[in-house]
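Labels run A, B, C, D, E and F following the written order; every chain starts at residue 1.
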Amino acid sequence: MGQNGIWLLTMQTSTPQEGYELAIKLSRMGVKSTQPDVEVLKKIHPEYANNPTDLTRASHVIAVNFQTIAVANDYWKS
Amino acid sequence: MGQNGIWLLTMQTSTPQEGYELAIKLSRMGVKSTQPDVEVLKKIHPEYANNPTDLTRASHVIAVNFQTIAVANDYWKS
Amino acid sequence: MGQNGIWLLTMQTSTPQEGYELAIKLSRMGVKSTQPDVEVLKKIHPEYANNPTDLTRASHVIAVNFQTIAVANDYWKS
Amino acid sequence: MGQNGIWLLTMQTSTPQEGYELAIKLSRMGVKSTQPDVEVLKKIHPEYANNPTDLTRASHVIAVNFQTIAVANDYWKS
Amino acid sequence: MGQNGIWLLTMQTSTPQEGYELAIKLSRMGVKSTQPDVEVLKKIHPEYANNPTDLTRASHVIAVNFQTIAVANDYWKS
Amino acid sequence: MGQNGIWLLTMQTSTPQEGYELAIKLSRMGVKSTQPDVEVLKKIHPEYANNPTDLTRASHVIAVNFQTIAVANDYWKS
């Protein structure tokens, strides 16, 4: 489980937007699993958040995770 | 929900083209979730929009999101 | 709908090759949605079309869109 | 149809390996659709084929296309 | 089987979080299959773990593997 | 079939780990299809295997191929 405790209990969300927010969370945990030091992450964040290429890459990862979450919720159809 | 309010109520769209437009919106929200400062986004946009590699990357993210939306709408078959 | 009018009425195509051509169209519209200025696109095209990395990236986006279109057409099986 | 004539009549192949070869073909047609000039493609090929990053990128595009073709053939199960 | 012994007996996990941890493992084994020398991996790790672009790339690979694992577990629905 | 002979007879493997090894094989054949010269591949390998970004890219391609193989084997559920 690592140092992050329990952070992913279910793939189910009430709305697509909450699903998108979960996709963001999954994407960040992917980064954190490689670099768990929060101080390092804070330090490199500006470099990242001001670079259009990196921002697009971040959106790409969220899109892949959102795909997974959307299927898990049957696209919030019902 | 963050500062953007409710922006994703449903995955359903009437036509494939509206689905594609929703894919563009999802892709932009992915960028915005990492860099919420609109002034920064405006500032880096030209750098981005004139770079063929970045434009292809943007199209890639839209393609992944469109894939999700297309399934959600059963490919607008009926 | 933006300045491009209606350009995506259906995901259905008669043959796999037409499906591939639609995938190319979707990929280009993804670029155009970020950079709608055709003059800019023309100007940066040579830089792009002579760069093997960018050409592979373009083929990658087409592959993702073709995946979506192929499912929509049940792989043109019948 | 463009200058390439008919090149994709069916997604069906007899074996997985032929499916992989079709995936290579699709990936190359994606490049050709952006840069149709064969002389340019020949000229940039060495640059490309000696660069490990570009070779991995090429393998990535083939993997995406192979995914599509594998589903179309029900993974050659029967 | 190579020098790593048996490391992947099943795709099934009890919870989504354990599934995510398996996705991290798969992603690392993908690196290790290309560079099996643990000393080299240790040496290049800091370079990697302090680079926001590389961290995003790592998260991307985890997202793809998590997608596979999530389907294998029917999204831990029941 | 090219110079590699028959190398992909079936997508079926006995275990998930063998499936992962097949995914590695597919990823390498994707590289080899673009650069068939084994001497060139040997020459550029160190450059590649010591670069964390390239190693992550390799793991990414394996992840995509593993996704295909996992479905073909119904995730080795039974």
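Here is the rule we use: a residue touches a chain if its C-beta (ideal position, glycine included) is under 8 Å from a C-beta of that chain, and two chains touch if they have at least 3 such contacts.
Here the structure is a predicted model, which means the values were calculated and not measured.
*Asks:* For subunit C and subunit E, what is the smallest step count along a path of chains that touch one another?
*Replies:* 3
*Asks:* Tell me, which chains sit next to both subunit B and subunit D?
*Replies:* Common neighbours, subunit B/subunit D: C.
*Asks:* What chains touch subunit A and also subunit D?
*Replies:* Neighbours common to subunit A and subunit D are absent.
*Asks:* What rotation angle, rounded to the nearest 5 degrees, superposes the C-alpha atoms of subunit A onto those of its identical copy subunit E?
*Replies:* 60
*Asks:* Report the inter-centroid distance (CA atoms only) between subunit B and subunit C in whole Å.
*Replies:* That gives a centre separation of 16 Å.
*Asks:* Just how far, in Å, is the C-alpha centre of subunit C from the one of subunit A?
*Replies:* Averaging C-alpha atoms per chain gives centres 27 Å apart.
*Asks:* Can you tell me which residues of subunit A touch two or more of the remaining chains?
*Replies:* 48, 51, 53, 57-58, 60, 64, 67, 71
*Asks:* Quick one: label the inter-chain contact graph as line, ring, star, complete or other.
*Replies:* ring
*Asks:* State the ordered list of ring chains, commencing at subunit C and continuing via subunit D.
*Replies:* If we begin at subunit C and move next to subunit D, the sequence is C, D, F, E, A, B.
*Asks:* Which stretch or stretches of subunit C touch subunit B in the complex?
*Replies:* For this pair, the touching residues of subunit C are 1-2, 6-12, 26-31, 33-35, 40, 44-45, 47-48, 51, 53-54, 57-58, 60-61, 64-65, 67-68, 71-72.
*Asks:* Where on subunit E is subunit A touching in the complex?
*Replies:* Checking each residue of subunit E against subunit A gives 15-17, 20-21, 24, 48-53, 55-60, 62-64, 66-67, 70-71, 75-77.
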